[in-house]
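There are two complexes below, and they share subunit A, which is joined by subunit B in the first and by subunit C in the second.
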Partner chain A sequence: MLEMRRVCVRYGATQVLWDIDLSVGEGEVVAVMGPNGSGKSTIFKAVMGLAPPFAGAISFRGEDITRLPVERHVARGIALVLERRRLFPTMTVRENVLMGAFHAQAAKAADETLRWLQGLFPVLRERGGQIAESLSGGEQQMVAIARGLMSRPRLLILDEPFLGLAPKMVAQVVDLIRAVNAEGIAVLFNEQNVRTSFSIADRGYVIESGRNVVDGTGLGMLEHPDIRRVYLGEQGAAP
Partner chain B sequence: MSGQLIEQIVNGVILGAIYALMGAGLTLIYGTMRVLNFAYGEFYMLGGYAFLLLTSAAGMPWPLALVLAAVLVFAFAAVTAAGVVQPLLARPGWDFSTIAATLGISIALQNAALAIWGERFQSVPYMVDGTLEVAGLHIPYQRLLIVAAAAVLIAGSAAILSFTRFGRAVRATAQDREAARVLGVPADRTSILAFAFGSALAALAGMILAPIYAVSPWMGVPLALKAFAVVVLGGLGSFRGAVVAGLLLGIVEAVGVALTSSEWREAIAFAVLIAVIWVRPWGLYGVERSVR
Partner chain C sequence: MNGMFAPRKGRTLAAAGLAAVAWLSIPLVVQQPYVLHVLILTAIFATFAIGWNLVTGFAGLKTFGHHALFAIAAYASALLAKNFGWSPWITAWLGAGLGTLVGFLVALPALRIRSVAHLAIVTLAFAEIIRILISNLKELTRGELGLIGIPAFDPLFLPVLGRVTFGGSGRPAFFYLASVLMLAALASVWALMRSRAGLAFVALRNSQEAAESLGINLARYKFLAFAASGFIVGLSGAVYAHYVRVLTPHSVAGLEVMIMVIAMVLVGGIGTHLGPVVGALVLVGGAEVLRDVGNYRLLLYGALIVLATRFFPQGIARMAEHVRWPRPAVLKPQPDPERP
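After this line comes the complex of A and B, so read on.
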């Protein structure tokens, strides 16, 4: 469904992604893992048009979207939940969620979508009239994910969905991702913790310094020598 | 004395209504584009001239001229935003240059007006004649019309911001441009339209004030300065803040002048601004965290 081929991105003169290959199939849950600053978020920004590649190609459901402007992605069926939730601070929870249905087609189905999401996210019913910035971090993450889902995406991309959340909230967001995926929506997310990632992901990619290191399925990846070196911080222990 | 004070408060409300209208338009532009539009007073001026030409030269009835002149200024402002401001904002590191660019537009428009229409102060006839006599007060209907028109325009703008798709796009873009774009809001187009919308509000203020103040190439300068004061006083980008601050400033100014003399007008207005900013640097309705 989503295909990235040898994608290269730079910010100004600094290149941050080198030849990234990545794919997400229909209904799949895919994790992107790697240390801080390795370029995980930039991969998502490249997909969404926020950091357009200078080389390589990105396609979605057979259509080239490499140079598609940011605001046109949502109509193609891609939703991105930005790092740190990024709710509209002085809008209510309800207004925030409805902004997710800004795109004309989604707007038509907004009432129905909202009913579906209220079942999935109790916070929407309980706190609908509250100003977004008065919510806790975990609640804000729920609202941000709900806002992303309002556009009825085929692919939901979550940038650091667990960042700064208490363990209990992490478990709730994990359950939520499972529930969303059960509806047939593919999910692409990033997370430093490999174990958390594989508690939901079908497949994973490890990125280091803007390059693919290894990809594979399940915790078996943890046994890969490159992962142990890069990721678990084992600097090739003495023989 | 007390009758005179009441009269000054009435004058203050009239003045405040105009300040509120001017501030509302400017804060809308700042909120969505993060641009201090130094050409704002010239859109007010263009409103005055467009109205003057349409009514006196073209002989159009004033309500029609009001609408047509607002549409003309809206279109001109949209072209300015799309052709000058937006391209500068799109270049990384060039956003600050919008200050120089809008200042340049301001000077160019003032001098174009001078070249085309001359330096003569031209007057526009009252839209409505007569004077309201109530409780010893004499208020010309024209002044009441100013308050009513400003109130309708402000309430209408607030309704557009709250209830329309365009309004939601403006608020989302103002609060978090990137998040809005990700959700499908065409942020650039929204900003251009907000710039034109705010400029049209300034133009309308220029039109309804034209019968009282004369029309001239420099008519926008003092009003734009006040609009900036109002926007800062209310909290940068806050629509409600601009309306409240505009009314407040108008009343304080009028009463202050009544108690002292008219030479103190600007001193009083800007002393209030400084005093408020001293205590609340983020303004009356601004948010503390937005001060960096």
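After this line comes the complex of A and C, so read on.
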């Protein structure tokens, strides 16, 4: 469904991604792992059109989307939930979520989509009228995910969905991602913790310094010498 | 997008209507030219403040160069009317159109610059350039000597009222002209903020990153905010020119003008609909009361800005919503006689 081929991105003069290859199949859950500053978030921004690549190609459902503006990505069925939630602090929970349906297409179905999401996210029913900044971190993450789903995406991208959450909330967000995926929506997310990642992901990619290191399908990846080097700094495993 | 923001309560609308009627009936009670003069200036600067509040208060794009738009529209309308003999009723719209275009121009740096401080400096510098230009284009503007002999609005022939004049002694008429301008600006901004564009503005103010990630076209809405704001501010500038009929670079393009409008919006309530009007009443009225203070006026504006942001950051308009108005004694809970 999503194909990235040799994608290179730079911010100004600084190149941050080198020849990234990545794919997500229909209904798949894919994790991107790697240390801080390795370029995981930039991969997502490139997919969304927020950081257009200067080389390489990105296609979605067979269509080239490399240089389309963000709103076209939304219209084609990709949604991105930014790192640290980034809710609209002065709007209510309900308004925040409805902003996800800003596009004409999504706006038409907004009422129906909202009903669907209220089933999935109790917080929307219980705290719809509350100002977003008064919610806890975990609740804000739920609202941010709901806002992303308002555009009825086929691929939901979550940037650091577990960042700064208490373990109990992590478990809740994990359950939520499973529930979203059960509706046939593909999920692409990043997380530093490999175990947490593989508790939901079908496949994973490890990125280091803006380059692909390894990819694989499970905790077996942990045994790969390059992973041990990236995560554990084991000199013995260095090439 | 239906029902995203619950419709205003009928009571609020009724209160707004009442306030408008009260404002419009002032000349029936008060006829002193001096008081009307102060109210006319209040309405004109309230309109300016409403325009600036749209881009800075509602859309959150901190721009400090709007006095340039005010000045450009004022000079353009004045010069077209004076040199070509065109009616101010037409040149005022042309001036506002020019304000809109320049608003577009000011929006260009805002598309890229997300740092508040940098955008503030760029817009401020732009306005200084305009002031110096006006001051130096002496053949056209007479520079610091001031542009004089600006025509007044032509008399109108209205159905019931007959001939209505706007110059010299025609102050009640000008009061109504300025009031219509202010109320129309208020109503336009109110309508705009209830549309999809208004939602986009609030989203922009809250988080440009989040708005962008949801596919809200930032450039489109920034242009819209600056252009709409430029139109309102430009129109207020043109009306000002044909009211005072003398313009100097300092009186319209001076930094003092912008600081006064910033103070109005902050004191009245930034990002509220009525804030700019309340602030204009306080500051224009206050400035007249404190006439003797003269050169210290800027100092007072500064002190007001500091006090407002420190003690009532939401402004008077917002504060009024939270005030517990004293209730009539009969409604007060009576002390229970059984208990000590």
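In this text, the second predicted complex is superposed on the first by the 236 of 239 C-alpha atoms of A that agree within 3 Å, B and C clash if a C-alpha of one lies under 4 Å from a C-alpha of the other, contacts with A are read in each partner's own complex, and residues count from 1 in each chain.
Operating definition for what follows: contacts are C-beta pairs under 8 Å (C-beta built on N, C-alpha and C of every residue); 3 or more make two chains touch, one makes a residue touch a chain.
Computed from a predicted model, the values in this text were never measured in an experiment.
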| field | When subunit B and subunit C are modelled together on subunit A, clash or fit | value | clash
| message | Which partner chains sit in contact with A:G100 here, subunit B, subunit C, both or neither? Use first/second/both/neither. | response | both
| Taking the superposition as given, does A:P153 touch the first partner, subunit B, the second, subunit C, both, or neither? | neither
| request: Mind working out whether A:L82 is in touch with subunit B, subunit C, both or neither, as first, second, both or neither? | output: both
| Between subunit B (first) and subunit C (second), which, if any, makes contact with A:D111: first, second, both or neither? | second
| task | Please indicate which partner A:G12 is in contact with in the superposed arrangement: first for subunit B, second for subunit C, both, or neither. | result | first
| Is A:E71 in contact with subunit B, with subunit C, with both, or with neither (first, second, both, neither)? | both
| request: Using the superposition on chain A described above, determine whether A:T90 touches subunit B (first), subunit C (second), both, or neither. | output: both
| query | First (subunit B), second (subunit C), both or neither: which does A:L50 touch? | reply | both
| said: If I apply the document's touch criterion, which positions on subunit A are contacted by subunit B in one structure and by subunit C in the other? | reply: 48, 50, 70-75, 80, 82, 86-91, 95, 98-100, 102-103, 107, 147, 151
| query | What part of subunit A is in contact with subunit C in the complex they form? | reply | 48, 50, 69-75, 80-82, 86-91, 95, 98-103, 107, 110-111, 147, 151
| said: Taking the touch rule as given, give the residues of subunit C at its contact with subunit A in the complex, in rising order. | reply: 1-2, 4-5, 196, 199-200, 202-203, 205-207, 209-217
| What residues of subunit A sit close enough to touch subunit B in their complex? | 12, 48, 50, 70-75, 79-80, 82, 86-91, 95, 98-100, 102-103, 106-107, 147, 151
| remark: Contacts from subunit B onto subunit A in the complex sit at residues 92, 165, 168-169, 171-172, 175-176, 178-187, 287
